[in-house]
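The next part holds the structures, each set out as structure tokens.
Below are two complexes that have subunit A in common, paired first with subunit B and then with subunit C.
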Partner chain A sequence: MEAINANAASLKNKANEILGVNPEDAKLTKSFLLVSFVALLLGGLFGLLQGINRAGLLELPSWLNYYQVLTAHGLLLIVVFSGFFMIGYFYSGLSHTLGGLLPKVRKLGWIGYGLSMFGTVLVVIMVLMNEATVLFTFYPPMMAHPIFYFGLVFVVLGIWSCCIGAFIQVADWRKKHKGQHLPILSFFATGAFVLLLGCTLFVAVEVLFLILPWSLGWVDTINVMLARTLFWAFGHTAVNIWYLTAVSAWYVIVPRVIGGTLWNDTLTRVVVIALVIMNITGGFHHQIVDPGISDTIKYMHVFMSLAIGFPSLMTAYALFVVMERAGRRKGGKGALGWLKKLPWGDVRFLAPFIAMLAFAPAGAGGIAQTTFQLNAVVHNTMWVVGHFHLTLGMSVAMTFFGISYWLIPFISGRVLTPAMNKLGVIQTYIWAAAMVLMAFAMHTAGLFGSPRRTSYTTYGDHAAALGWDPYMLLIGFGAVLLTIGVLIQFYAVIHLMFFAPKGQTEFPIAPKEPGDVTGYWTERWGVWVVLLIIVVAMAYVVPIVDMIVNAPPGSPPIRPW
Partner chain B sequence: MHKSEKVWLTISFGMIMLFMIATGYQAFALGMAPPGGVELIDPQKVNETAPFDQPGIKQIGDNEYEVVMTLQLFSFTPMELEVPAGATVHFKLTSKDVVHGFQIVGTNANGMIVPGYITDITQTFHEPGEYLVICNEYCGIGHQVMATTIKVY
Partner chain C sequence: MMDQFKIGLALFIFLAIPPVASFMESVMVIHMHMQMPMLVIAGLLMAPFFQKQFPNFFEKWNENGIPGILLFIIIISYWLLPRTMDEALSLTSVEIFKFISLPFLAGVPLRDSWKKLSDFSKNFVITLFTIVFLGMGFLYIFVPVQLCNNYLIIEQIALGWAFLLTAVGMIVYLLYVAFVDPSEYE
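And now, the complex of A and B:
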């Protein structure tokens, strides 16, 4: 029996190698990506409503108020669109580079999908019923309906199921391939899932032990500061995981699309390891102007946040070297001649390339706003909104879009036609123009003091507030353009998934540069995880103990909407 | 590692260090740390706890004032303050309900007001004018009207 199973498995592997895709694994990824892009469509439409409200052109009705729309926009795009995409993409990467998912891993993937979907539906229903108008951050003592929090619990359980599946897959491969390097894309996936598990632990503690007992009325009050701190240990890491996912495509996929080779394999892995170890510890840079945390602890978090800038700067160098090398090998001459040799008409390159460019101002803005005193200048202003529309809205989203033009045909057994590619290029330019416009307006309005998370207001026609209006109009215009971009992107995804001509598409993974030898020491995941835990402990043990031991009397629940 | 990469990474590392030294020096040597404070208060008993039982403005020195202020859905107490130009104002702020923000538009005064804690923010008003004070953290359905002014004459 076992022999037959083994035989069947090896046959399946062979089929996988020939066809390039395991149909069952493809189905799993397809399901995740479909949810992701439906979330993009809905989240995008909510964004449109917000944009034109802030431009002063639309008053939202009481049954769908601005803050409801904002809650839905944030959760759908920051959590659902990005999270489902990341899991679908990396599961497909694991399947492709590690010889197909193990049956139990596939099962864990489906369980994760089911749990997350169920949780998402609960959350969305509560938000649409105006029972959870608490925004993406759901800061206590503002309290939503308990079902909203149960929904979050199911989302997290689903994520854990997917994380554990990924770990089992990787561990199994390593056991069967002693002494070999984990393929680079799976190396990225491992790092991303380690972080995903690490950061969701914090929010799970927040929701399970602090918020749920309180929202069910089992306890009267909640430790507001502790909840807030646990949230940000999760919140910032989450967006950095989406960024790490995008970075994996910059290092592994883009070089293949432009006909080049991988960057130095050891250094690439060092970047992944550095991002994994240092990522969770920067959470307090969201709390720099909070009371209750000492200046020295805040300063340590500023340091830890800025440290993440270093691997990103390594990335900036690496990517341009990879592009230059590929361009020169194709005959590009002179200082910038290699640029002309890059495939500008190929959406699989163009979209992630613009995403990389966006990360330059996005990262610089991030460094500026993390920096202690400068944070007070822009904290909770539109500047921050501009920042994460550059990081998430451009760097992450455009990379994900770029991936979708080959990954969806790959898993659907279809091909990207030249016409579809052209539509993708047009979409890319629309999206880029809209985001640049919007991010510029947001950053500027923020410097003039316009607050984030606030519906249209002139504060009784105060001169300062009226001065923001031209920028708000630009934001509204950007939101309209982005909606066109969302519609095109959604159309492209549906077309590539169900209607494009049948055929075979490559999963583009760049080959190594000849003679590039990877240091085996990079494979010590146990050490990296221990280092991660040590760094997190350095950052959080002292302040969290302080917040618990020296807590003020707690807060009762309040529903201010 | 290529030479140009070494140069690039050295510059990157130096830049981050420079940021750290600059902010650390400003925070700890020049006393320019961001707003904060570690004083606690019972958020359900703000009205009975000194000094918040008597919110208001008090002169404490030569053109130096202390403002004791509470934030609640969706207002500030006291509203519409007036101080002379050049005045340094020490704000002591706390929330009676949810998390609020305190931002004086056109200045760097910007901090979170978390129930259970007292936030300290100091601001010197050099220029005369009517400063807009807003809540910049979502606090509920009326968040966009939570504002007041400080008149500097």
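And now, the complex of A and C:
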């Protein structure tokens, strides 16, 4: 009798593990994802305007100028689309792998949602009113309306609420499952939320202590270098968190979709830990041409940036191991025969696969940019824009799209029909082709000197500027194609969320290889956080003290628009 | 074990190469917060070799770990003084003493003692250094005069912040130990 009971209980557990979705947790994730994809839609439409403006085909009206559009595009895509997606996805991962969110965690999630929504709305209103045309980096001494900065504060508060919720969930699970390993997806989530908390601390200091008092007129001037440095400690880390989120799907989800196993549990965790400890200090590579930072410090930071390349290379290796293993088990023969066995017609595989491929040129470009002399060639040119459309617009965004084709049906109690899958595959090809085209054109125009963040101009028909035009036309063409991609993707999301046939969808998590045991030491989050603090201290103490103590006179606000 | 010894020795030799040493000593924080700890780490790595070579010595003189940790504390405290850092730069004999004392009189005894200490003593040592580091941090940040002949005030301030942040790291660790009971999780 007991045995039967135990059996029934474990069966129920199993069923929950595979199929179970807690409806309340699903609602939370659904809300985050909906905001995320609305941001994609709006941001994409703004991107279209930018693209055809830079192609020289559209002059934007004075009530919606290029820089306003660019500010909205940057913020909506790099912050709202990516951030809301990351939180929604990881919260459903926590719920799914840790047996449902605790009620108080769910509450923290909702509080976080409310606060960041409120903040986002304030920010967007200010941008649309042309009161905050400061681009997503909001570098001082350009000064926006104080409400814009208050909006940012609320976004950050919301993020903190979500981070704390995640930590509570993880700690509680570990208490109830002594000696067990945190499931790998939750491990990724923990790392990502630790980084998210760490990096938002920097931007919080920037906004609360430097910018707000200055924008409210309490102080007259601002330390520009310090603000930029604090911003990039945040900005750099943020995009790496979006990347870590995508990587989690490559390691954990993709192997399951192709019917394979995890690569190696311990080493996967090592990659997460390495990315968490070494990430924040990469921020300086965005300031390679900034004055006031000594050569020695810049040199050290080249090293710090390249250090992140190592776990990335491990990732590239790991993913091909996983794919080859799965392909061979399905009977793939020869050096490359296994490739044929992969499910190329499945959008849940195809989209993240192309995303991974994109990371190869994107990473190589990143290594070039982080090098002092090469950076001098491409700094602030369209090259950089090409680079982050490969990293974010392809690697991250396409992975998120791939996730959406199972995560949204999963949380909505619906299924991905073959027709929708087909549409997804088409969307994937359109998006990939368009991004490659646009990014190629951006890189090339950048090498020829075309500046970024500059609305269309021929500089009085200067020959060099006219030479960029063919590439600019390509950018415009890419932008039109991409907009078609955005529309299809948005349609797919809405359809899967509200209209697809009802049914149950799997949350695909790959099993371990038999005999793969995990080192318990990987669970020592206290140690990782201390190491993180030490590395950050090593990187930031000397330059920041220098920036404060040897500061030039501060800058009064400037409004160039 | 031999591997650890070799790594430690290699690290020691690397740190002693004149261009490496003079680069690390050219920046105050790197001198105190990288070169010196790395010398101690070199000693930590080499310790098992000495423990094997001279088991009786360690057994006899460091039975409960207290003498070793006291020696460690004394050596480290000595090197926390601004004056000693200055002298290491000006007097070759002091520089040599630094390269001997930190690995062999701090690193080796630390490794030999740490396992012998009770949890209470371990946390006591960390707490002690947290307090000392907080003190040193405030000292270096707020003292209005240049303490070293060889380093400018700006470097002193950077060093002060490095001390404070190290102390913050240790406080995080101590809080973790105080409030998180690993047996609840493992």
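Please note the rule applied: the second predicted complex is superposed on the first by the 542 of 561 C-alpha atoms of A that agree within 3 Å, B and C clash if a C-alpha of one lies under 4 Å from a C-alpha of the other, contacts with A are read in each partner's own complex, and residues count from 1 in each chain.
The definition used in the following text is that a residue touches a chain if its C-beta (ideal position, glycine included) is under 8 Å from a C-beta of that chain, and two chains touch if they have at least 3 such contacts.
If you're wondering where the values come from, they're calculated on a predicted model, not measured in any experiment.
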| item | value |
| --- | --- |
| Fit-or-clash call for subunit B and subunit C when the two complexes are aligned on subunit A | fit |
| First, second, both or neither for A:317, with subunit B first and subunit C second | first |
| Per-residue contact with subunit A, leading partner among subunit C and subunit B | B |
| Touching partner for A:504 - first (subunit B), second (subunit C), both, neither | neither |
| Which superposed partner A:291 touches (first subunit B, second subunit C, both, neither) | first |
| Inter-chain angle, subunit B to subunit C through the CA centre of subunit A, in degrees rounded to a multiple of 10 | 70 |
| Touching partner for A:537 - first (subunit B), second (subunit C), both, neither | second |
| Touching partner for A:550 - first (subunit B), second (subunit C), both, neither | both |
| Lowest inter-chain C-alpha distance for subunit C and subunit B in the superposed arrangement, angstrom | 12 |
| Doubly contacted subunit A residues - partners subunit C and subunit B | 550 |
| Subunit A contact footprint on subunit C (complex, rising order) | 27, 29, 33-34, 154, 157-158, 161-162, 165-166, 168-170, 172-173, 176, 180, 183-186 |
| Subunit B-facing residues of subunit A, complex | 65-67, 70, 133, 135, 139, 141-142, 224-225, 228, 264, 267, 287-295, 298-299, 302-303, 306-307, 309-310, 313-314, 317, 321, 367, 371-373, 375-377, 379-381, 448-449, 451-457, 459-460, 462-465, 550-556, 558, 560-561 |
| Subunit C-touching residues of subunit A, taken from the complex the two chains share | 174-175, 178-179, 296, 520, 523, 526, 529-530, 533-534, 536-538, 541-542, 544-546, 549-550 |
| Residue numbers on subunit B that touch subunit A, as the complex places them | 1-2, 4-5, 8-9, 12-13, 16, 19-20, 23-24, 26-28, 32-45, 73, 97-99, 101, 103, 105-106, 108-120, 130, 132, 134-145, 147, 149 |
